[in-house]
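Here's the structure, in C-alpha cells; my notes come after.
Order of writing sets the labels: A, B, C and D. Residues in every chain begin at 1.
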Amino acid sequence: MDRIRTAIVGASGYTGGELLRILLGHPSVEVTQATSERLAGKPVILAHPNLRGRTDLRFTSLSSLAPCDVLFLCLPHGTTARQFDTLAQQAPRIIDLSADFRLKDTVAYEKWYGGPHPAPGRLGEFVYGIPELHREEIRRARYVATAGCNATASILGLRPLYAAGLVQPGRTVVDVKVSSSEGGGVPSTASHHPERAGVIRSYKPTGHRHQAELRQELGLAADEPLHFSATAVDIVRGLLVTAHVFPSRPLQEIDLWKTYRAAYGTEPFIRLVKTKDGVHRYPEPKLLWGTNYCDIGFDIDRDTGRVVVLAAIDNLVKGSGGQAVQCMNLMHGVPETAGLEFTGLHPV
Amino acid sequence: MDRIRTAIVGASGYTGGELLRILLGHPSVEVTQATSERLAGKPVILAHPNLRGRTDLRFTSLSSLAPCDVLFLCLPHGTTARQFDTLAQQAPRIIDLSADFRLKDTVAYEKWYGGPHPAPGRLGEFVYGIPELHREEIRRARYVATAGCNATASILGLRPLYAAGLVQPGRTVVDVKVSSSEGGGVPSTASHHPERAGVIRSYKPTGHRHQAELRQELGLAADEPLHFSATAVDIVRGLLVTAHVFPSRPLQEIDLWKTYRAAYGTEPFIRLVKTKDGVHRYPEPKLLWGTNYCDIGFDIDRDTGRVVVLAAIDNLVKGSGGQAVQCMNLMHGVPETAGLEFTGLHPV
Amino acid sequence: MDRIRTAIVGASGYTGGELLRILLGHPSVEVTQATSERLAGKPVILAHPNLRGRTDLRFTSLSSLAPCDVLFLCLPHGTTARQFDTLAQQAPRIIDLSADFRLKDTVAYEKWYGGPHPAPGRLGEFVYGIPELHREEIRRARYVATAGCNATASILGLRPLYAAGLVQPGRTVVDVKVSSSEGGGVPSTASHHPERAGVIRSYKPTGHRHQAELRQELGLAADEPLHFSATAVDIVRGLLVTAHVFPSRPLQEIDLWKTYRAAYGTEPFIRLVKTKDGVHRYPEPKLLWGTNYCDIGFDIDRDTGRVVVLAAIDNLVKGSGGQAVQCMNLMHGVPETAGLEFTGLHPV
Amino acid sequence: MDRIRTAIVGASGYTGGELLRILLGHPSVEVTQATSERLAGKPVILAHPNLRGRTDLRFTSLSSLAPCDVLFLCLPHGTTARQFDTLAQQAPRIIDLSADFRLKDTVAYEKWYGGPHPAPGRLGEFVYGIPELHREEIRRARYVATAGCNATASILGLRPLYAAGLVQPGRTVVDVKVSSSEGGGVPSTASHHPERAGVIRSYKPTGHRHQAELRQELGLAADEPLHFSATAVDIVRGLLVTAHVFPSRPLQEIDLWKTYRAAYGTEPFIRLVKTKDGVHRYPEPKLLWGTNYCDIGFDIDRDTGRVVVLAAIDNLVKGSGGQAVQCMNLMHGVPETAGLEFTGLHPV
C-alpha cells in the first residue's frame, strides 16, 4: 500500500512535535512537510530535540505547503477557522487539533471563545474526534476536530454513565489535575520554573472552556449545570480527572463494571483500572506518558452513594497528537492502533 | 516570666520533628524531653537533621518521662488514648496531635477508626484544637486535641459559609490535593521515590477519616451527606483544598468577601487570597512551607452559582505542629503568634 | 523465522520490568517465562502496571523454569554466579544483567564486591556487554554480562579519548548525577519520598563499584588513579556523566568531533549532541527516558584545556534492559535496533 | 537602640525579595524603601506573595530614593557600577549584591564580564562579602560586595584546605549542582517549566564567571588552573558543590576534621556534616532552604587519596540576601545572626 502522505501545519509547538514523533514512527505514513513561520528552514530537531537521528526534516513556511493526503492543523485557536478555506485546497482530509471546530453550536462557541465563529458554515463538516464515541462517523469523515485534552478524559470517563441514564442531572463535579505542557510552549511568568515547580495551583476554578465540549458530548440540556475546575500540579505531562457523580439510583460496583465493560470492552486504548491492593489501584497519569491510553477507574462512597470516576491520559497523546493519529488511522482504513503501540514506562 | 517547660512524646516522626523545630525557636519555651523508644539515647538531630547546631537534645525513653508544664503527644492513632491516664500524671496541660480525642461522638469514632473508643470518659475533657473556632475554650482547656491536617484546611475554608447558613445541605464536594509528608516517616512501596514521584494518585477517593472532623465542626446533621476525596501529588509538604459549594441563595463576590472578613478579619494566621491578576491569584501551598498560615480564596461560577473555596496550609505546621503551638500559646497566655512568625519563602 | 524464545529470571524488579516491556514489543521475540519467587502465580502487571493490556503473563517460580533460547538473568549481585551452573542448563545463550561476570579480574572483583568470586572459572566465557566496544565478540558469545548503568555512560563517553591516547593518565574526574530507579525497587528511608524528593545528595563521593568497570574497559594500568563520584538528584530515570578530562596534548573542538565521529559515526544508538544555541546544547537525560540512546557531548575550557565530556542515558534502558536486548539482537542475528526504536518524548 | 534604616534598590527580583523577607523579620531593622521601576506604586506583595500580611510596603521609583543608613543594591550586573556615585549619596553604608565590585583585579573583571570596569576607582573601597573570611574588614567597611552564590559555597568549602597549603595547585575540579532560582525571575525558554523540570542540564561546563571569585579568594596564582563546571537540576533553591581536591600530602579524615574545625569551629553559620550512618551523611541543600547556613562535609578516596569536599547553601540566603544581612549586622554592630535564625525544614 502507498504510504499516507501527511503534513503538519504549525509544527513547532508541543502538539506538532508529538504528532511528528508519532507519525515518524508510523508504519504507513510519510511526513512530507512540517510548517513553522518562525523556524522555516531550520531542522525540526531544533524544536523537537527528541527526534535527533530520526529525521532530517526541516520546517517550511506555510506558503510553500504542497498537496498531501492528510493535513494536520496545529494552529492557535481562532487562526484555523479563518484560514480553513485555503488550507482545505491542499488535502482531501484534514484533522484539526485546535478548538475551532469542536463545538457544533455557534452560540456555545461564541460564549466560550469570545466572538462569533469565523466559519460557521464549516461546522457541520467536522466530526468531533473521539473515536470511542464517533468511530463510524470518523471513518467516513473528511474533516475531524480532535477533542481537548481535559475534555477527552472527562468525556471518556463520564459518557458511559450519562449514556446509561445513571446520572442525576446538574450535580456532577469534574475536578481535573493538569500538567504544565497543557499550557503550550511559550514561556511566561506563570510557567517560569521557580514559580511553576512544586505548585498546587487552582488555575481555572471556574470558566474552563473545555466544559463546553463535555456539555456537547454528554448531551446536557442547555439549562443543566455542569461543575468543572482545573488545578495545575508539578508534572510536565498527563492529567487526572476526578469526577464526582451522583447516581440517579443506588449503584454497586458490579453495576459500574458492567456499564464500563459494555461501553469499552473491546476498545484498544481504554483500560479499566481498579484493583483492591497495591500501589496502582486507580488510573495514574505518569504510567501513560507517551501512550494513547485512557485509563478509567471508579469508586463508590458507601455512605452517600456518590460515584467517583477517575480518568487519566497523556494530554499530548490521547489528549492531542495520538488521538489525531487514531482518527487518521480510521479515516484511512489502517489498523486503529498503528503508530500508537508504545506501552508506557514504569517506573518513571 | 518562667519558660514553659514542654516535652514531646513520640518525637521521632515528622510531626514531632516539626514541633521540636517550632518549640526550639519559641521565645517562651524550654523543651525538656523528646521521647522515642527506637532512638532513645540518640541525638534528636539523627531524626531531624535540620536541627543540627540548634540543640544537643537526645531522645529519651517514655519510661523516663518527667513532669512538665505541657505535654505534646505525637503517638500513633489508638495508642494515645490507651496510655492517656498514665501520661496525664506528668503534666497539667496536654496537647494531643493524634486523632484519638478529636471526635466527640463515640459512634463516629467507632465508624471511622474501626473499634470502640479506648477512653470514652475522657472525650468531654478535650477541646478540638482549631483556635479560629474554639479560641476561648482552648484558653481554658487542660486538654486539646489538634485537628487533622486535611480537616483543618477544609473546616477553615468552609466554616464561615456553613455558619452563615449559605450552604445547600448535602451537596458540598471537598477535593483535597495532598503531599507525601502526610503519610508520615515510615517507608513503603507506595512512598518509594520511583513510585511516588510525579504521581497524581487518587489515594482516598472515598472513605477518608478526616471527613468525620468536618462533619463535627461544620455541624452537619447525621443524615447530611458530605463528599470528600483526596489525591496525592508530587510535593513533600502542603495541601490544597478545593471545595465545591452550592449556595442556598445566589451569592456575589462581595457577599463572600463580607462573610470571610467577618469570620477572619482579625485572625493572625488566616489570609484571604484572591486577586484579579498575577500568578498567585489563589492560595498556593508552596508559599506556606514552614508557616502557620491558612490561606483562603474563592471563586464563583457565573453560569451555575457554584462557589469554589480554596484553602491551603502546610500540613505539618497549621495542620499539625504549628497549630499545636498556637493552642499552647493560648493555654499559657503568651502571644498567640509566638514561635510561629516564619513568613514563608518565595520562590521555593 | 521462528521467534526467539526468551525467559527472564528475577523479573519482578525494575530491570526485569524494563526487559519485559522491551521484549513484549520486540517483533522477533516471544517471552516464555518471567520468574519471581515472591510473586509466583501473580500477573506480571501487578509489578509492572504499565504492561496492563499488553500481556496476560504470570510470574512463575524459578523451580519451574523451562528451556528457552535466551535466558536473561536479573538476580541480585552475588546470587547469579552461585546459581549459574544450574541456570546454564536451560538455555544456550544467557545475558546476565547483574554485576557478577562483568569484571575479568578476580582481584578487582574481590576488592569491589567484598569476597572471592563464586565462579571464577566462568569469567572467561562472558563478554562485557557494551556492543559499541565488543560487537563482534557479542555476536559470537554464548554468555554476555551487560555493563552497569553508570559504567555504560562513562565508558561510552570516555573510551574514544582513551583509545586515541588523548588522555593524561590518572587525572580524569568522573562526576555522575543519578536517578532514584538506580537504587532498585525496595523501599528504604533513603528512598522514602519525603526524604528523597528535591535532593542533591552526595551518595557515593568515593568508592562506587562501577569504577572497576571503567578501569577495565578504558584499559587503565593497575596503578593509574581514576576519580569517580556519584550524586543523586530528583528524577526517577536517567543519568548524566560529567567527565573532566585533561588531554595529553592541546585539543580543539574539531579534534573532538573527529575523534567521536570516527568512534561512533555509524552507531545506531549514539548521538553526538553539541549545539551552539538553544536549550538543548548538551545531552539531557530526560529526553532519553525509554530509549536506548547514549547521547554524548563535550566542551573545552579555553583557559585550561580541560575537556568536559557529557554522556546521558536512561539507566534502565541503555544502562540495563535495552542494552541487554541490543546484545541479544546481535547474538541472534536480528537487526541490532529491533525492539529498541522508541525515540523519546519531548517535553516530558 | 534606633532601628537601622534600610532601603533596597532593585527590589522586585528574587534577591530583593529574599532581602525583604529577612529584613522585615529583623529585630533591629526598618525597611524604608524598596525600589522597582516596573512596579513603582504597587504593593511589594505583588512580586513577593509570601510577604502578604507582613507588610504594606509599596515599591517606589529609584528617583524618589531617600537617605537611609544602609542601602542594598540588587541591580543587574553592570548597572550598579555605573550608578554608584549617585547612589552613594543616599547612604553611608552600601551592600551591593551584584557582581560589579567583587573582583579586585580589573583585568579579571574585563575577562569575565566582557568590558572595562565602569568604576575602577571604587574597587578598593569594597570588601568582598564573605564574613567567615573577611569579618574584621567588613565590620569597618563602608561598602561591601557580597559574593556570588556558587562562589560562596565553593570558597567556604575549599578555603581551609588552600589556606593550610594542603592542595596540589592546578588540579582542583569544582562541580556545582544548581537550582532554577539562580537564573533569576525573568522567564525564558530554558526556564519554561516543561523544558526545565526534570533536567540534569550541563548549563556551564566551562566558562562560569564565579570561578574568578574563587581564584581571588583562594589566592590562586595567575597561571594556576582551576576547573569549574555547573549543572542545573530540578530544584528551585539551593546548590551543592562537589569539589574534587588532590592533596599535596596524604590526608586522613582526622586531618580534615582538624583543618575544618580550626577554620570554622566557632562560626555560627557553618556546620560540618559528616556522619557514618543515616540518610543525611553529607550536606543536603534542601535542608537549608531559607537558612543562612553553609553545610560542609568531605570524604577521602582510599584508593587515590583524592579529597571530595561537599558544600551546600541556599543560593538566595547564604548565597545572596542572607549573607548581605550578615554583613550588615557586622557593619552595624548588631549580633551577627540577627534576622537569620531560621533553622530550615525537614522533611521538605
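Basically, a contact is a pair of C-beta atoms (placed from the backbone, for glycine too) under 8 Å apart; a residue touches a chain by one contact, two chains touch by 3 or more.
All values reported here derive from a predicted model rather than from experimental measurement.
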More C-beta contacts across B-D or across B-C?
B-D
Most distant chain from subunit B, judged by the mean position of its C-alpha atoms
C
Taking each chain's centre as the mean of its CA atoms, how far is subunit B from subunit C in angstrom?
46
In angstrom, rounded to a whole number, how far apart do the mean CA points of subunit B and subunit D lie?
36
Of all residues in subunit B, the ones touching two or more other chains
14, 181, 185, 189, 194, 198, 234-236, 279, 284, 347-348
Spell out the residues on subunit D that touch subunit A in their complex, using ranges where they run on.
14, 180-181, 185-189, 191-194, 196-198, 234-236
Parts of subunit C lying in touch with subunit A, wherever the complex brings them together:
14, 17, 21, 24-25, 46, 48-54, 181, 185, 236-237, 271, 273, 278-280, 284, 287, 289-290, 293, 295, 341-348
So in the complex, which bits of subunit A are touching subunit B?
171, 173, 175, 177, 189-190, 194-195, 198-202, 205-207, 225-227, 229, 231, 233-235, 238-240, 242, 244, 279, 282-286, 297, 299-304, 306, 308, 310, 312, 347-348
